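So that you can tell them apart, the chains are marked A, B, C and D in the order they are listed, and the count of residues begins at 1 in each.
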Amino acid sequence: MIARHDLPVRVIARSELSPTCFRLELVTGEPVSAAPGQFGMLTCGDGLDPLLRRAFSLAGVRPHENGAIVEMLIKEVGRGTGLLHHLPLGAALRLLAPLGNGFTLADGSGDRLALVAGGIGLPPVLFAAEQLAARNVAFDLYLGAASSAELLEVGRCRSAVEVVGGELVLATDDGSRGEAGFVTAAVERRLAAGRRYLRALACGPTPMLAALARLGATRGLEVELSLEEPMACGVGVCLGCVVELEDGRFVPTCKEGPVFAASRLAARWRA
Amino acid sequence: MIARHDLPVRVIARSELSPTCFRLELVTGEPVSAAPGQFGMLTCGDGLDPLLRRAFSLAGVRPHENGAIVEMLIKEVGRGTGLLHHLPLGAALRLLAPLGNGFTLADGSGDRLALVAGGIGLPPVLFAAEQLAARNVAFDLYLGAASSAELLEVGRCRSAVEVVGGELVLATDDGSRGEAGFVTAAVERRLAAGRRYLRALACGPTPMLAALARLGATRGLEVELSLEEPMACGVGVCLGCVVELEDGRFVPTCKEGPVFAASRLAARWRA
Amino acid sequence: MNVSLRTHVGDLALQNPVMAASGTFGYGLDLVEFCPPERLGGVVTKGLSPKPRRGNPTPRIVETAAGMINAIGLQNIGVEAFCRDALPELRRRNVLVVVNVFGETQDAYLEVITRCERDEGIAAYELNVSCPNVTAGGMEFGHDAGTLMSLVARCRASTSRRLWVKLSPNAPYLVDTARAAVDGGADALSLINTLRAMAIDAVARRPVLATRCGGLSGPAIKPIALRMVDEVHRALPAVPLVGIGGIESGRDVAEFLLAGASAVQVGTAIVRDPTAALRIAGELEAFCAAHGVADVTELIGGLTC
Amino acid sequence: MNVSLRTHVGDLALQNPVMAASGTFGYGLDLVEFCPPERLGGVVTKGLSPKPRRGNPTPRIVETAAGMINAIGLQNIGVEAFCRDALPELRRRNVLVVVNVFGETQDAYLEVITRCERDEGIAAYELNVSCPNVTAGGMEFGHDAGTLMSLVARCRASTSRRLWVKLSPNAPYLVDTARAAVDGGADALSLINTLRAMAIDAVARRPVLATRCGGLSGPAIKPIALRMVDEVHRALPAVPLVGIGGIESGRDVAEFLLAGASAVQVGTAIVRDPTAALRIAGELEAFCAAHGVADVTELIGGLTC
């Protein structure tokens, strides 16, 4: 397991991605190595409001001077993300990372991977896409959102896909860009048309993940889902973030996840 | 009474005055008129930490565009003042002001006024000095601090005093600048040497104020003290900030003060 | 969307559910510039005693994490000065006035009520039973169901006005106390008053407050207050409740209504911001409009599980 | 300045007063990378039951103002797995281990203790008496002095190890409960556990937690915890106390010691920051050095009034 650290970080860049989402870049003083699907627990300021850190998937990590730049893609939904959206550049925060497991990235043999992202579920998927591109492992990338404006980082997604000669499929609920309807339907259409995948790796809203779990169960496709349970500690001690497994156990998402094989999850995920 | 308002303000300037103190300038969207000795209750951010506003004397108010610039001199002593010290320029706060009464500024007849400030007690005294200078009312200004580095705004004090031909007396506890010892001793020496004052107006640490109250009682000098009781509401409703008067009543400092004639205060102030 | 904010506490109609809590709004007129009392659901006066009271020595307040502790000691101008100096203007403005009453003996409570009965313009009495009962060795009136019932019954007999009892969260058995108040004749229950708490100055090695302990209020206590409103509402669903504790926003008000309160009171939020009660009423309206609540009373006790 | 941080809880020596509280530090080894348990005053395990427990459905946690509410439902690996998988390594590291014990019946408490008695390396048991007593209709063990005393007495008889009882702040009569625990044979009292509280999702019109209510912890409750430690210490000055509730800094620790605690436990602060307990111990040392405290035990019960 990659060692977990409580890293002092500084906000060094921020840019708007959509009406609700932004990219945050944090610089660390020490090297960070992390796998796609892992996340970090980030403070949103230095006081008691909010009290707890917030969980964000790592969207990318690259070396920078003696340390690293950790990238996150964040949707402003409440107080914590609102503070992060408006912190001055240079602000000091703390990041507990890397946490959790990660996606199972293919070893290059056989079929392609399907990467599936819904809305702000993109960050771990983008991280995976860029790593796979760097390793030249083939994949298609399905990117869904409510509307065209909320399709994030399309350019980077396209670049990554092009490296490996995969397909970038865009889907919007309102049909304003790409295929109309849910992104899972776009996956299903291709499966129905005979496309085969080694495995699907997905992150997005729970209904999307459940749809994909069902699809996987019906079509015999192995599916890995990155789950979002409300987290307090992020390191497996508070037992706040548990998810129920097929065998009835409650396991902490932050430690045994956030990525789970859909087949390991309790049956209602696939029903 | 000057109408009280809850003013939206923005931080437009900040500068260091000493190792522990800084000047904060806040711009309002509407005109503000206030008297020396009055104060404001300022939020230190927009969350729940800290929960309550902080009280600061107004160190000056000047018109600016359609509103005003309110000046404060602040010593960093804890969380609230620490936040104010590090807020980015442009930050939006709220200021409840002007609150409380003010010093009785002389009408120009007879003897000079003595203005006495200890440490971070300077702001209301500086405000008074600059107003008196503008109205050409004579005064001496006594400015005391622990050491030379903590004597604040000496230049502005000197300018104000020079306008009216008064004396600027500096005193430091450690003798690193001006007269050595407490500023009240400097006042006492001049009284003993026959100098006469219409009234003394003072703000500073409680022991200094008590010493001045005693001096006033012994020498028959009218003394007005600006008190600092911990405040919660600043507007007279919580009854947290009361001070005991000579007649035994507890009155809210924020409403009936913060300036009180020393002779009105409970006897222990002069004992 | 047009939202109706009108509510009732028992048979008392309020134009909106947001009242100012006792001890943070003076005698109803102290903050007129910031918050015209006639625009609130109602105002609860600072606790009134038969004679003026000086209250406790200072320090009386201290800030804590998302809260504050106060030990004001019920300083007030006395019932006579209130009726003479504040009540006429409150009446003229058509303010819904609730008089918060306390005493160190049962007779003291009755004295305040009896004096108030001589004047018009009081919608209800709210008995603050979190004060030391001198005849019972300093235990709070609200801590023993029997004592509380007898106090409420005597007050009940002395007025035909509405009688609210403000429950103490420090009482040993919340629901028993609530029931005793209702059995004694209370028309409604206000909850909660402050929680007994303490702050220590580690450098001075002294309690911060002159009285050692005081009462904790503010957002810190909201989760406890909500739980208590929910608990009393489920035990006594027919009893009108007024929710209090850490309310800072219109959404907080909605939470208390859902837990079973018919109206709420705002305390510490006013200490932070004298315009708070009015702002919160506006936010409640906006919350209702945004979530399709045409009539705020739909929310009352409206938890779906 | 050289500061001695050594303290005692009764006859148990701790290298420093800062322990990790039950439920926030796993079984002692979960956070080794961040906070080596052997450097703390001690660690209290997650509450152990005779058999593994799944705990409550989710959501189980919700953040509140300067606090959090949890309703984990005492999910744990069971005493057997603890003794087998964690205890040997804790022993090897010389960690001061306190086993937090709970059950839904008296027998369940005894079962946990009996299993632990077979192994070395446990410094004390801490009875969590804030759990529903199934044989007494779900009332918490800690809510009735008689029930509590009999539980403690039975546990006392089953071990010669130190027995701590962790008091519930929801108990009707704090001091009576404390006294009952001591009369039953407790060597020390830990206080406080979480306060019953509730959060509501106003949009969904539902309680946030699957179990409706849960326990409030964090800085929000510190003033209540300090008051309770002070109250019990003044009533029972000879009884060793372990202070718990909202501790976030070395200065907070000093406050609890001054109120009468001999050691403290840190809970929610660890949830916020896995290095917290160690950092706090360091801050305590710095606080002592800055304020001329050569021996931290000088602070215990050291309020000057």
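Just so we're on the same page, contacts are C-beta pairs under 8 Å (C-beta built on N, C-alpha and C of every residue); 3 or more make two chains touch, one makes a residue touch a chain.
Just so it is clear, the structure is predicted and the values come from calculations on it, not from any experiment.
Enquirer: Going by the stated contact rule, which chains contact chain B and chain C alike?
Expert: Both chain B and chain C are touched by A, D, going by the contact rule given at the top.
Enquirer: From the centre of chain A, which other chain's Cα mean sits the farthest off?
Expert: B
Enquirer: Rounded to the nearest whole Å, what is the centre-to-centre distance of chain B and chain D, using the mean of the C-alpha atoms as each centre?
Expert: From the centre of chain B to the centre of chain D is 47 Å.
Enquirer: When the centre of a chain is set as the mean of its C-alpha atoms, what distance in Å lies between chain A and chain D?
Expert: Roughly 36 Å separates the two chain centres.
Enquirer: Based only on mean CA positions, could you tell me how far chain A sits from chain B in angstrom?
Expert: The separation of the two C-alpha centroids amounts to 55 Å.
Enquirer: Please set out, as single numbers or ranges, the residues of chain A touching at least two other chains.
Expert: Touching at least two other chains: 48-50.
Enquirer: Check each residue of chain C and list the ones that touch at least two other chains.
Expert: Correct list: 64-67, 218-219.
Enquirer: Classify the inter-chain contact topology: is it line, ring, star, complete, or other?
Expert: complete
Enquirer: In the complex formed with chain B, which residues of chain A make contact?
Expert: Touching chain B: residues 45, 47-50, 79, 88 of chain A.
Enquirer: Would you tell me which residues of chain A are touching chain D in their complex?
Expert: Touch list, chain A to chain D: 3-6, 48-53, 94, 96, 229-230, 232-233, 235-243, 248-250.
Enquirer: Quick one: in the complex, what on chain A touches chain C?
Expert: 48-49
Enquirer: Within the complex, which stretch of chain D touches chain A?
Expert: 23-26, 30-31, 33-34, 46, 54-55, 58-68, 70, 72, 75, 218-219, 248, 268, 270-275
Enquirer: Give the list of chain D residues in touch with chain B in this complex.
Expert: Result: residues 65-66 of chain D touch chain B.
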